[in-house]
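One chain, chain A, appears in both complexes that follow, with chain B as partner in the first and chain C in the second.
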Partner chain A sequence: MINAFLLFFVIHTTQIGVGIHGFQRVIYQEAKHDAWISVLLIGIATHIIAIFMIKTLEIYGSNDLYGIHQDIFGKWFGNFLNFIYIVYCSTAFFSVLRNYIEVVQTWVFPNLETWFISATLLLLVIYAFTGGFRVIVGISFFSFVLAIWLLPMLVFPLQFTTARSLLPVMENDIMDILKGAQSMTFTIVGFEILNVIYPFIKDKNNVKRHVHYGLLATTIIYLSVILVSIAYFSPDQLNKSIWATLSLFSIVRFPFIERFEYIAVCFWMLIILPNLCLYLWAAYRGSIRLVKVNSTQFVWIFSIVVFMLSLSVETRTEINAVNNYFSKVGFYLIFVYPILLYLLAVMKKKYTTRKERKG
Partner chain B sequence: MFKKRFNRSSKREKPSIDANENKKSESNQKENVFPSSSKDYLQTIKDHTNNPSDLVVKTISPNITVTYMNSLVDDRTLKEQLIPELIRHKFETPESLKSSLFIPEVDVDDQINHSVLSMYNGTVLIHLDGFSQVVLAKITTTVSRALAAPENESQVIGAQVGFNESLSSNESLIRRYIKNPELCNERFNVGKQTNTTVAFFYIKGIASEQMVNTLRQRISDLKIDSLLDSAVLAEYIDDNSLSPFPQMLLTERPDRFCDGLLNGKLGVIVDGSSMAILCPHAFIEFFQSREDQNLRWPIASFLRLLRFSAVFLSIYLTPLYVAALTFHYEIIPQSLLVPLSESRALVPFPPIIEALLLELIIELLREAGARLPTKVGQTIGIVGGIVIGTAAVQAGITSNILIIIVALSALASFTTPSYMMGNVIRVVRFPLILLAGFWGFYGIMLGFCFILIHLIRQSSLGSPYTAPFYPPRFMDWRDSIIRLPLPFTYKRQKSVRPQNEEKYQPEPINPEKS
Partner chain C sequence: MKFIKVMFIFIFLLITIAGCAEQKLLEQVGLTTLLGYDLGENEKLSTTAVIRQVNPEFQSNVEIVSAENETARGSRAEINRKTSKKIMSGQMRVVLFGEELAEDGIAHHIDTLSKNSDTSGSIIVAVVEGETKSLLEYQFQEIDDIGTHIYKLLEQNIKNEQMISSSLHEVAHDYYSLGRDIAIPIIKRDKEHVEISGVALFDKGKMVGKLSTEESFYVKLSRDLYDSAMFEITIPKEALPESQTKNSPEKIPVVIDTINTKKQVKLINPQTPEFDMHITVNGRMLEIGANMDLDNPKNVKKLEEEIGKSIAKNLERVLVYCQDVNSDAFGLGEYYRSSVRHSNLTHEKWHELYSTAKVNIKVDFTILRSGIFE
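Then we have the complex of A and B:
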């Protein structure tokens, strides 16, 4: 059981992961220099979805998404949905891991083998996971506290920016902006961890506040990064650079350190660690409802499967394809489905209360 | 010897042989009881002690026999007080003897094993002919060095007295700091061979009862052969003995010990060891010194920050050097790269070998300094520092800059006010250097994340090791890597789960108060 205010760290650190390395390009292709409006819109959307999620969870008091599925849809179809959600979490885990490996290989160690990075990261995750829920939340707390100093580094590119590239505002079609917002899904998902973590919160009446604080912090960070990026890069550069944020870091300069992105990329391990741990944990919480498995068995089986998969996906195109599929499915699963689920949950509740009244 | 004992017991058991089970067990108990006649009594003592040469058996008056270990009892008390009193008076029963003796610890007992054992603690056994009980008068002599200044945990301001090896004098030191009837003191006997006395201290009403029970359980559950030092005990009773990080503080400062007790911690002192155990102890508290309390708060905060950044420097400086020079020389600005490569131009080794070599030399010097007598140690330090350092650079084995870095990180590791933690800081560097040498910054981050997860996983007597940072207790951050003025730190650390959280009711702070 954890205090509600730790949700701030959990929500925030699951949202920020590998997506932030290069989300600018994806949005910019759709929304051009109004990309920041897309970020703002999707930020607001996360708040709205979070409201629905919390309301759904509040109906059930102390149950997670997996339990809710089983209750609403019955055992078979509920378990099917649970399976989809587990696959979703596993894909998220895999995609974070694979993207990070690619970034390390591209920016720091071109010759470091995929299997080595994958294995070392998985071993770290296993070590953290076997420590239990308390350790996982602790990692997200320290990840936030120890990595927040990277944000002020944006001041360095700020001196080379031209604010004029943000103008004129709303030049692009509103549909493009919305599309841009949708393509942001891969970067901004993560707050759905709330669905699984909710039963573990001690003071449930404070959940709302801290979830929204966490979402707000994420939105502010994404917004500041995209604003700086649009103002700093030329349109051509933004269209081409896959990892615009890392390019921003590369001009950070201290008297004793240059080429800051080397440090940033390696330090990013601390930022993706809570991502990995929490998605793994979410998948575990679902799996124990489907099959009988203890946490040690689960984490080893899971890691071996992910390890194999990470070797099979090799090229940039394949990784991009995984990201795109994940993003598409994620959009419906995270931004559409919770509203549907809420309506179903309300209907189910009304139905059962009426039934009880009659009975 | 066994035969004799068997014979005697069988003789005594005869009358009760037909009786039921209950009586049998009673007679078994009786076997452990002293015989009432003087002659049998002497034989029993000899049977139970292997008749050592320092065992003294004296018959004072026809019916009083005194036995004690010559090496353990205080000669003066014995000759000037106990013996004259025994001669002067006539005693009817052991009870009357007990009440008339003017010695603080007197007891009456009839159990052989217990009594004989207490004889090895410096007790005189007084046997009256015709009784199966003996009077135990404890007049232990204390062979101990005088109280001296603590050697490993010196501080500039504050009390300059440390624990010594005698439990009783350590106890009196603590009692002098905390004159409070709530200060509890429990005794345990640990070690099958050594029968070492272990004293367990806590303040009732402050210390968490659950923790007290846990620690009491852990100590009394110990089934070990011998216990010679408190550091060994700490390793037996801590939460995870596989971890290199100590989870209990070992201190030789009574003021630090008492400060811990007053904050709701539990203390353990082992007889014969000059280090006391204090727990639960969080990771961050190993870097706090008692002296911080004595200094003005901005200075204390500055020193704490300095110490804490020194730890990071000490752990990561050399690995960073190795990683940067092996893989990522791009990150070094040109103005810095030129002198670096100049000083490394003659060095034939890759950075990792160079760094390991120098770190090992420093560790060697430190280890030699710890083993050698004080006077020689200083000389070796100078010889090592100046001669080896300069010679190594001139011979082209290492670069100048690495010497600075290694010396700096060695210096930084000694600022830790706990020797045990300082050791860990120094040793943890080596795997990190290896990681840095093989996989650069990626390797360093692997090590960093591993240590972080490891620290989060640890606990000290069930309370989280990373407290007060995680789980976050923002109120306790006031006295963590900084120290706010005393009126702000009137609460005890929550991670200790004290029964009474407030040290005192704070007065409203009034800056205009003159």
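Then we have the complex of A and C:
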């Protein structure tokens, strides 16, 4: 059991991961210089979805999404949905891992083999995972505290910005802006971890507040990064920058450190670590409802499978394809499905109480 | 369980001990501090690199190596074949383009440099009058390390706002933007010195014109803002009251140090297009070629007016030249794009409009102080 205030760190650190390296370009392609509106919109959307998620979970009191599925849809279809959710978490895990490896290979060590970074990271994740749930939450906390100093580094590129690039506001079609918001999915998902973590919270009446704080912090960070990016890069330049955030950092220069982005890339391991641990943990919570497996067995099997997969996806195009596919599925699973589930849960509850009253 | 723990420690140690992924020992690499590109024969690219080699026993020495190849990477490999140490570009500070190459187009190079994660966005880009190769290979008596020297020269002048800032990021920014063209410093060899001789104006990726260093002040004034640049200006003798200009030349030189500047650009007619540019300059007067009585507020007022007029006139002249060579160094297109909704601006479309653009320039100049002695 953990305190509700730790949810702030859990939600926030699962949301921020590898997506922030290069989300600017993806939105910019749709919404042009109004991209920041897209970010704002998707930020608001996360708050709305979180309200639905919490309401659904409150109906059941102390059950996670997997249990809710089994209750609403029955054993077979419920388990089928659980399976989809486990696959989703695993894909998220894989995607974070593979994207990070790619960044390390392009920016710092072009000749470093994939298996080496993959194995190193997986061992670290296994180590954290076997420590148990509280250790994972602890990692989220430290990831936040140790990495938050990266945000003020945006001041350096700020001196090369022209605020004029943001004008005229709302020039683009509202549909394009919404499309931009949708393409932000890959970057902003992560708060669905709430579905699984909810039963482990001690003081449940504080959950709402801390979840929304976490989401707000994420939105503010994404918003500031996109605003600086639009003002710092010119249109085509942003379109061509695959990792715009790292390019932003490449202008940072200290007397004792010449190439700051190298530090940033290496430091990012701390930022993705809670991502990996929490997605792995979420997949584990689902799996124990489907098959009989203990945590050590699970984590080793899972890691070996992911390790194999990480070797098979090699090129930029393939990684991009995985990201896009994940983003598309993720949008419906995270931004549409929770509302549906809430309605079903309410109906189910009404149905059962009526039945009980009759009986 | 104990076995697993031991295994963990074992694997952990294995990784940390063998964890040096790619070693780049300073003694074993040659640091490229400067790269110069020229147009070679048969459409080849001639590359000259200034390589600094650090030696633990002796003083570190500087080597200048050049090679010709179709691609920049190809020449790098060729340079590598000519040196005893592996070439690294992480310490690169300056990229120079020969004039001929700049006129032919540097678009490809901007693209390649931006693509490479080794090169940072703060590299300074400049054009060399003539060939870079001959500049770099010249044996300067006073200069040991030509690479660092050119870097310091450019950096110092950019920092003191005597020259337009031309970091790779800014150059790439302007190249990929719709309504602003590249303007970068030109350097040349002047006997035993390297000097900044002017500003190169670009149309997209091609160099189309040149301005002198004096004129570059106005380009910078219209592009960015000044905090501390010094500039010299002349005002006609007859503009000032006769009593104040005894024994002074026909054109009175005035030296100003800007304290701060403000700029306002408004698009007043999108059809022509017509802009209103209002620049406010506050400065301190360092030198004047006339024996003026500056205690008299009337005189100061008159002087301020004349200096403002003179700045405006020069700005107009520079702008007309920029329009002639079709290079939007002023960044007017950016104002057009951000003021007109759904303009769907393209580079071609803007440059068509730009050639007929009209700018009403107004400069307000204020003398804040004029030294300790009147």
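FYI, the second predicted complex is superposed on the first by the 359 of 359 C-alpha atoms of A that agree within 3 Å, B and C clash if a C-alpha of one lies under 4 Å from a C-alpha of the other, contacts with A are read in each partner's own complex, and residues count from 1 in each chain.
Convention: a contact is a pair of C-beta atoms (placed from the backbone, for glycine too) under 8 Å apart; a residue touches a chain by one contact, two chains touch by 3 or more.
If you're wondering where the values come from, they're calculated on a predicted model, not measured in any experiment.
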| field | First (chain B), second (chain C), both or neither touched by A:Y127 | value | both
| task | Please indicate which partner A:E171 is in contact with in the superposed arrangement: first for chain B, second for chain C, both, or neither. | result | second
| task | May I ask you to decide whether A:N3 touches chain B, chain C, both, or neither, giving the answer as first, second, both or neither? | result | first
| request: Determine, under the contact definition given at the top, whether A:F141 touches first (chain B), second (chain C), both, or neither. | output: first
| field | Contacts of A:W107 with chain B and chain C, given as first, second, both or neither | value | second
| request: Could you say whether A:F267 touches chain B, chain C, both of them, or neither, answering first, second, both or neither? | output: first
| In the superposed arrangement, which partner chain does A:I193 touch: chain B (first), chain C (second), both, or neither? | neither
| request: Name the contact category of A:V18: first (chain B only), second (chain C only), both, or neither. | output: neither
| task | Look at A:V211 in the shared chain and tell me whether it touches chain B only, chain C only, both, or neither; answer first, second, both or neither. | result | neither
| said: Based on the A-chain superposition described above, do chain B and chain C contact any of the same residues on chain A, and if so which? | reply: 108-109, 112, 120, 127, 253, 258-259
| note | Interface with chain C, chain A side, in the complex: residues 106-109, 111-112, 116, 120, 123, 127, 160, 162, 164-165, 167-168, 171, 232-237, 239-240, 247, 250-251, 253, 258-259, 261
| query | Given the complex with chain B, which residues does chain A contribute to the contact? | reply | 2-3, 5-6, 104, 108-109, 112, 117, 120, 124, 127-128, 131, 134-135, 138-139, 141-142, 145-146, 253-260, 262-263, 266-267, 269-270, 273
| note | Given the complex, residues on chain B that touch chain A span 327-328, 330-333, 336, 439-442, 444-446, 448-450, 452-454, 456-457, 464, 466, 469-472
| task | Note which residues of chain C are touching chain A in the complex, please. | result | 8, 11-12, 15, 21-22, 90-91, 114, 117, 120-122, 167, 169-170, 172-178, 180, 334-335, 338-342
